[in-house]
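So, here's a batch of structures to check.
Look at the two complexes coming up: subunit A is in both, with subunit B in one and subunit C in the other.
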Partner chain A sequence: MNLLLVTPIIVPMLAAIAALAFREQPSVRRIISLAGPLSMLAAGFALLVIVDRDGIQSTNLGDWPAPFGIVLVADLFSSFMLLMAGIVSLAALVFSFGTLRSRNIRFGHYSVVNLMLVGVSGAFLTGDMFNLFVWFELMLISSFVLLALGGGRRRIEGSVKYVAINLLSSAFFLAGAGLLYATTGTLNMADLSVKIAEVDNQGLVTTIAMFFVISFGLKSAAFPLFFWLPASYHTPSIDVTALFSGLLTKVGVYALIRTFTLIFANDVDFTHTLIMVLAGFTMVVGVVGAVAQYDYRRLLSFHIVSQIGYMLMGLSIFTPAALAGAILFIAHNILVKTSLFLVGGLLARFSGTESLNRMGDMYRRKPVIAGLFAVAALSLAGIPPSSGFISKLALVRAGIEDEAYVITGISLFVSLLTLYSMTKIWNSVFWRPMPETAPGAVAELPPVRRLNLLLMLSPILFLVGLSAIFGFVAQPVFEIATDAAESLIDPSAYVQAVLGETP
Partner chain B sequence: MNSVLLMTTARLLISILLLFAIFLLVRGHNAPGGGFIAGLVVASAVGLYALSFDIRSARSLLRLHPSTYIGGGLFIAVLSAVPAMFSGDPFMTGIWVDFTVAGEVVKIGTPLLFDLGVFFVVVGMVTIALLWLAEEEG
Partner chain C sequence: MEIVLIFLVGGMFSAGIYLLLQRRLAQLIVGLGLLTNATNLLVFTVARLSREGAPLIESGANQLEETASDPTPQALVLTAIVIGFGVLAFFITLAYRAYRQVGSDDLEQMVSTDLLDADDDPDSDSQDGLLEGAAD
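Up next, the complex of A and B:
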């Protein structure tokens, strides 16, 4: 078992190293880079099956015993996230084969992508707070490079904001981890889960919890610290934006859910109510920001923010049903959001711009892209029978059961605005004729090679197809999410798997 | 810059620095030292060479592109975690082997391999940065 837990960390690492060796052969680099996502996908799936059958898996790295050394733990939630991360990173990589300039490949684009995946896998699997910090840093440093790679004034500007805000967030994380260690004497999450209840000064624990709310809130772009995301996500190459939207903020949400179910679950009245308020504001502010945008990627970036709110809503209601809804929503959002960004990449390739004001007539010219966009956009808004409908239904039902009417109402209202902003894209990009003010932009673009088109189109088909299957055959996914949520609410199995004793 | 004084001392100093780096690398397990520091020492030797002679010859001193050092170092570091898998221990468990050389017990283990990996990564990273900065100036 212990091999399976390290696979999704070691294989992307080896892929990054191997890609470094082939400086002059971009096609070899491309093929090698696939190893990372594939290993995450395979390990995520295998872990999901094994954890479902035999319970939570854990391994002590370096054979140092549990509360002292570093443990890797896979429960249903982390295996599921690993699987989803593998799927989107695979799609984004294949898409990039059709678009990415060979200059960026020479600069080591694919090595850095794989290093980022190492960080993502590590963050999902680790059972230690400080180790989580290290994986976050690895992920962030790689993402800094990916944002800035290829240069250009706009990119550097975007990455400066991104770097500054993420360093701030890391500082909060580190301070929080330090305080946590000072109060409890441990950083092992399972051990913390037991010891945190024994701390005399529970007010201090809540204070520490706030450090993590700020840090993870920043990383997952929750209100009020979301502004860096729409300011930077529209600058890198589109496959990078797609990858970021599918992975980075979701890792932040994962960390929030993990810590606020396993560790900071004693003062639920305060902490989770605060998270609920943040969730509500995040949803509304994100979608209102999106409605005001006229750039395809900026509009979708604001939507990322808005949808983080739904995930936090699931966490804040804090019932098994609500957490299951949040997990479903994360899965749905990873698939749909990434495919929408990739569609944006195709649109930009065919129209030479990402500004909604200068696009038009796409429905007649590219009906397949229009169809893919429509399916993904309707799913994002939550129209049945899409995956968005299923996951929002789960969240709303959990909200009503728990009598959290305000947040439920907000979430429904925000869905409506989401639909509105998707209609806005649909109208201006696909439906209306080409605006007069953008003459000749289409004719100047070089034709897209057939192979590249296939490479760009197939990952979108794959993601949209998966999300459609998810919508129609929701039962097995729903069961996994429910089981995962139940083990989050009652962490005793987790603690036992790591520490090897009943608490 | 073509100072005879600097060139002569650099030749002497560099060989001492390289030997000292090996000493630091091996010593790291029981006393201050290790791959990181040894890597810095080697990189500063390369930097000294670049200062006293020129950047082109400093590059050729390394023989390989610095990024190859980074890749190779990372690979060695990952490799050091592998032997544990064959002996059935959890990943990254340190495996030690005892040798007796001239009556003295010498312990060699996978952590040394890890340190060697760190050493190459640091050499690669720092020389890339140093040589780039030096080229910018010149």
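Up next, the complex of A and C:
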């Protein structure tokens, strides 16, 4: 039993339970809640080092031998994702210390956040299809609660849409897993990777693959199943939006990449071409949707959709270089997107609104926030030398090498539109004077306490700083991503680590 | 026996999807319930339905006898039923709350999250996203 693999699942769970005991002490709850993200961060980092040195780590839960019991597996990709998830959830939690009402903390906000992290860690580490379903459900039910917590018409309406669509997606996932078991007789991903090639009726395998495209496509908000995301992500408290944008859709993308490299990699002509078409539409539709928006969070929500397209593009080209690009892009996007949402939280706090039409003059009033926004926004659009530039460069290069000109062209065009969106925010929020039609809401806002301001600013600085470092010192990250991508394309090491034999 | 269940599952899936496409919240709930349970039945059916013999592997053999049904999917279904039940219970509560809040169970009325540049929520309760931090 490798305890390191279990840590990021057990610690958040214990933290969630322990926090429940301190109903009337919000500050104790705050401190306990940090255990989850910190354990993910530490375990992710340790696993990254160990996997890089000793190869893929695998542990049999309950000591049941591999294809029969449930296994937890950490390869470079999953350890890296775990590390990123730890970083971003830590930042979102610290931010929420400065903003969240103690009423929400009393309702158990932090316990639910930690339960969601249990699901996220489990989804990254599991090597079993049905177990993945269970982690997804755990993650989803916690996210339902986080979305609805606090009430209010918009939140409840957003939750209804979000819950309904996710129930549908879970049904598809479960049906797919059941049919997969029926055709191959196993649910262990490594075992599936071997057995799926031996199935006589490959048409049936492709059909099952479509179940997973629908299910994971829904969860990662890919075209045409993305409508729930911009309808719900702008409703909860801002730290929850930041957390969701950094974690949930990325777990969906992780699951897509994992299953479509390890298991459904035999009919690449059909499945990955389909994913490429979806990727193109996702990019374009997301960014065009954003053009019409004038609400800070809804605009960025459409950009989440658009950027999911880039990750799928990396998967669909299906070369080591392209997958490395996708992994880099996920890392970049997690950092930058979360910091942009957190900046939005600060802006809303200082201007009392989230509508771009009623904001203005922020560059003069809050130059630090303007600076943080500018760095993150330029990175999102892919201006050199930002992390966005590095990861888009990797994707575009892989696209050209593989002669996938159409999707590469689309991705460059979408980058331009992203820059347009960011310019729109910059102009209306920071650059122009306060619009005269706006009500004088600013004066009525209570001042922000110094400690709260520090708690809100430091995580943004941390994330933006990390993304800037990532842009300037890309080499080590790039190497990890390349190694991770190579082991995704050739899963024999993964299979061997899990089953303990050469296939 | 399988053939009956296969048609039943198909019927439940189509009824579920049909209900999902309706406008009323109550129909949405029933539709999702049908869909979840159709999936459970589907997984149950793929395990082969047979009452011949217990699914025990004879000593010396390393495979289940052909006639017995496979217990693994049945175990999976048990887990899935519990999860589905929990999530559906949550959804019913949420739907009731939505009905109270919106004053209607017509999904077409629930568009306040989709309006372009809606005013900041008139319902002050959901403004805590903006004004938290002043609270404590």
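Remarks
Going forward, the second predicted complex is superposed on the first by the 502 of 503 C-alpha atoms of A that agree within 3 Å, B and C clash if a C-alpha of one lies under 4 Å from a C-alpha of the other, contacts with A are read in each partner's own complex, and residues count from 1 in each chain.
The rule is simple: contacts are C-beta pairs under 8 Å (C-beta built on N, C-alpha and C of every residue); 3 or more make two chains touch, one makes a residue touch a chain.
It should be emphasised that the depicted structure is a prediction, and the values quoted were computed from it without experimental measurement.
Residue by residue along subunit A, subunit B and subunit C are tallied for touches, and C comes out ahead. Of the two partner chains, subunit C is the only one that A:S237 touches; subunit B does not reach it. In the superposition on chain A, A:L14 makes contact with subunit B only, not with subunit C. When the two structures are aligned on the shared chain, A:I390 is found in touch with neither subunit B nor subunit C. With both structures placed on the common chain, the touch criterion links A:V6 to subunit B but leaves subunit C unconnected.
Using the contact criterion defined above for the overlaid structures, shared-chain residue A:G62 touches subunit B, although it does not reach subunit C. Of the two partner chains placed by the overlay, only subunit B lies in contact with A:R23; subunit C stays clear of it. Judged by the document's definition of touching, no subunit A residue lies at the interface with subunit B and also at the interface with subunit C. In the complex of the two chains, the subunit A residues touching subunit B come out as 2-3, 5-6, 10, 13-14, 16-18, 20-21, 23, 59-63, 108. By the touch criterion given at the top, residues 20, 25, 28, 32, 35-36, 38-40, 42-43, 46-47, 72-73, 76, 79-80, 83-84, 86-88, 90-91, 94-95, 97-98, 101-102, 107, 110-114, 116-121, 123, 125-136 of subunit C touch subunit A in their complex. On the side of subunit A, the complex with subunit C involves touching residues 26, 98-104, 130, 133-134, 137, 140-141, 144-145, 148, 150-161, 163-164, 167-168, 170-171, 174-175, 177-179, 181-182, 187, 231-232, 234-238, 292-295, 345, 348-349, 352-355, 357, 445-446, 448-449, 452, 456. On the side of subunit B, the complex with subunit A involves touching residues 65, 67-68, 70-71, 74-75, 78, 81, 84-85, 89-94.
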